[in-house]
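Pasting the structures in now, so scroll down.
The following pair of complexes shares a single chain, chain A, combined with chain B in the former and chain C in the latter.
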Partner chain A sequence: MTTDLTLDNPRTPHARTKRGINWEKWGWIYMRVSGVLLVVLIFGHLFVNLFLGDGVNQIDFAFVAGKLADPFWQWYDFALLVLALIHGTNGMRTIVNDYVAKASIRRILHAALLSSTAVLLVLGTLVLFTFDPCPAGADPELVASFCEDIL
Partner chain B sequence: MATAPAEVGAVQEFTVTVIIRRFDPENDTEPYWQDFDVQMYSTDRVLDALHKVKWEQDGTLSFRRSCAHGICGSDAMRINGRNRLACKTLIKDLDITKPIYIEAIKGLPLEKDLIVDMEPFFASYRAVQPFLQANSKPDKERIQTIEQRARFDDTTKCILCAACTSSCPVFWTDGQYFGPAAIVNAHRFIFDSRDDAAQVRLDILNDKEGVWRCRTTFNCSEACPRGIEVTKAISEVKQAMLRGRP
Partner chain C sequence: MPAKASGAGASSSSATIEVPVPRRSLIPGGTLYRGNEGMWSWVLHRITGVAIYFFLLVHILDTALVRVSPEAYNVVISAYKTEIMGLGELALVGAIGFHALNGLRIILVDFWGVGTRHQKAMFYVVLGVWLVLMIGFTPRHLMHVFGG
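Right after this comes the complex of A and B.
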């Protein structure tokens, strides 16, 4: 918004403002698109984990290990991780913008949000794609019972 | 049944306490609340209570009002925590068993008592170019169908009272945000079939501080004394922006 009171000459054509990417616009679109996708993904996740097969009773270490061994579920959970984390962070950014009046505190909170999200994204991705329920050479006392067949 | 029930429909009289947030920049460092008891009738409005205070109790009370009939948009204020026009709010519609709290609208610099500096509000109004820009040169008048006129009918009702903009939580913390009223008045021309500068206005509002700041909290729609569906208008501008044309 310009509060400048100097006026252009009559019939001066409007100069299109080009100032890089409009993050507010893409943030707004991202919230809508990821929201719709998350509804589908989350209910799919709940249906498979809590309803199919033995329902809630089937969830244990072996069940999770089995799911994460399948590339389909790896990518499914990766999509959930990325979409939900950034969706949540963007929502927090919005709340910070709405309620924090001081620019310095706002910058600190934005930096904290950005860095924590980046760390969580890297950690989550690492777990999803490198998870090994039966690490080779591990103490047999500590690994899950189903590892006996593999090790 | 011979004796007519004279009391039915009769004008009732009651005493109301109004608590007004006062501020005199020449004597006060901080605003403070001051209460007044006024004798009111059931036909009176909040504006009448303010008049009674100013004319009979404390002449230093300052507030804006021009037409006093809901057209000029001068007397928007926060009454019991909600933005309303003092001249359109009947006292009897409020809870008169409790005091009525009256303060200036929020988010704009307080000047005195119930008067705020409206310049930031009008600056963003001016920024959306709220005037018809038609390039065509018709022989007679510019023809418009009933449907074309109905498209933007709702947003023609704005009286620029600032009740919506000063009820918007985004505007309270981010004074750079255009605010609902400016977007409503952009909407009025963006969707006008006779106007040729819709792209310019969409471009102005497709700003970091433009329509994307809107969180659809509906405070503006609730505050509007003319019943404009403000949030809907803002959403229509967002949609037009995504489509790239009105």
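Right after this comes the complex of A and C.
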């Protein structure tokens, strides 16, 4: 198969060649809507985890368990996971389209982006909602203080 | 000198519109798009976007270790507390900060009536706000990383 790259002249009127949903348009809108939400979510994420308290030094299992025991942070992190991963993947798709001229390589890279995103979305969601902050038999030194009553 | 542009094609009316001459760039260099604020903001947006994307892949995996065991999570997260990684986190926060602020600039260029006309000024606003945020974050983070 040869690479077939034809460009219309400037000012050529827009011709709708396909019926149905305009996915490129919705991708474009998604980048902007998710971008605005991500500004708020990522700022809060960095502020709480990396700025308040002891910064990066405070992050360990007990710290994360303390957050994820609260449905607020579960849903906060879920929104972050979904919005950022799909935004990033769609952005990478744009970059692949820009630089990869060969259709077969482009298809391979698109498939890699799609499959890795699907795996990480499922994995991240499972972790967020099946997480046990006080796992049975865990070292009491390593878990959150509220686990005392349970372990 | 203001350039004259006439409507495209035969179907439009013969009225001419005044197109303002583009303002001179503060950055010396190429013409039009090339080598100016518009290009550099795009280059930085692209590079930071890719960098953040690959970090996000790793970050989802390291966080998933909370589902394995407290020990596994703590061992891997301790790698983030070294001095080299501390500097890496600073770079990452800087990259995300630029991408976020410039992303808002892109959205304003797209949706704000006079956005395109102020895209250069908005690029310097992005750099200014970015600098303020980094001045707020950097000393505190370095104190966490290098003790103090």
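The rule is short, and it goes like this: the second predicted complex is superposed on the first by the 112 of 151 C-alpha atoms of A that agree within 3 Å, B and C clash if a C-alpha of one lies under 4 Å from a C-alpha of the other, contacts with A are read in each partner's own complex, and residues count from 1 in each chain.
Throughout what follows, a contact is a pair of C-beta atoms (placed from the backbone, for glycine too) under 8 Å apart; a residue touches a chain by one contact, two chains touch by 3 or more.
As the structure is a prediction and not an experimental result, all values here were calculated from the model.
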Quiz item: Any idea whether chain B or chain C touches more of chain A?
Solution: C
Exercise. Check the residue A:Leu41 against both partner chains and state whether it touches chain B (first), chain C (second), both, or neither.
Key: neither
Practice problem: Using the superposition on chain A described above, determine whether A:Ile29 touches chain B (first), chain C (second), both, or neither. | Solution: first
Exercise. Determine, under the contact definition given at the top, whether A:Ala79 touches first (chain B), second (chain C), both, or neither.
Key: neither
Quiz item: Which partner does A:Val96 reach: the first (chain B), the second (chain C), both, or neither?
Solution: neither
Quiz item: Both chain B and chain C touch chain A; at which residues?
Solution: none
Quiz item: Which part of chain A faces chain B closely enough to touch in the complex?
Solution: 1-3, 14, 16-17, 22-25, 27-29, 94, 97-101
Practice problem: Using the touch rule from the top, collect the residues of chain C that touch chain A in their complex. | Solution: 8-9, 46, 49-50, 52-53, 56-57, 60-61, 63-64, 66-67, 69-71, 73-74, 77, 80-81, 86, 89, 93, 96, 100, 103-104, 106-107, 110-111, 137, 140-141, 143-145
Quiz prompt | In the complex, chain A residues that touch chain C | solution = 11, 32, 35-36, 38-39, 42-43, 46, 50-51, 54-57, 59-62, 64-65, 68, 81, 84-85, 88-89, 91-92, 95, 116, 120, 123-124, 126-127, 130-131, 135, 138-139, 142-143
Quiz item: What part of chain B is in contact with chain A in the complex they form?
Solution: 120, 123-124, 127, 169-170, 173-174, 176-178, 197, 200, 203-204, 206-210, 212-213, 215, 238, 241-242
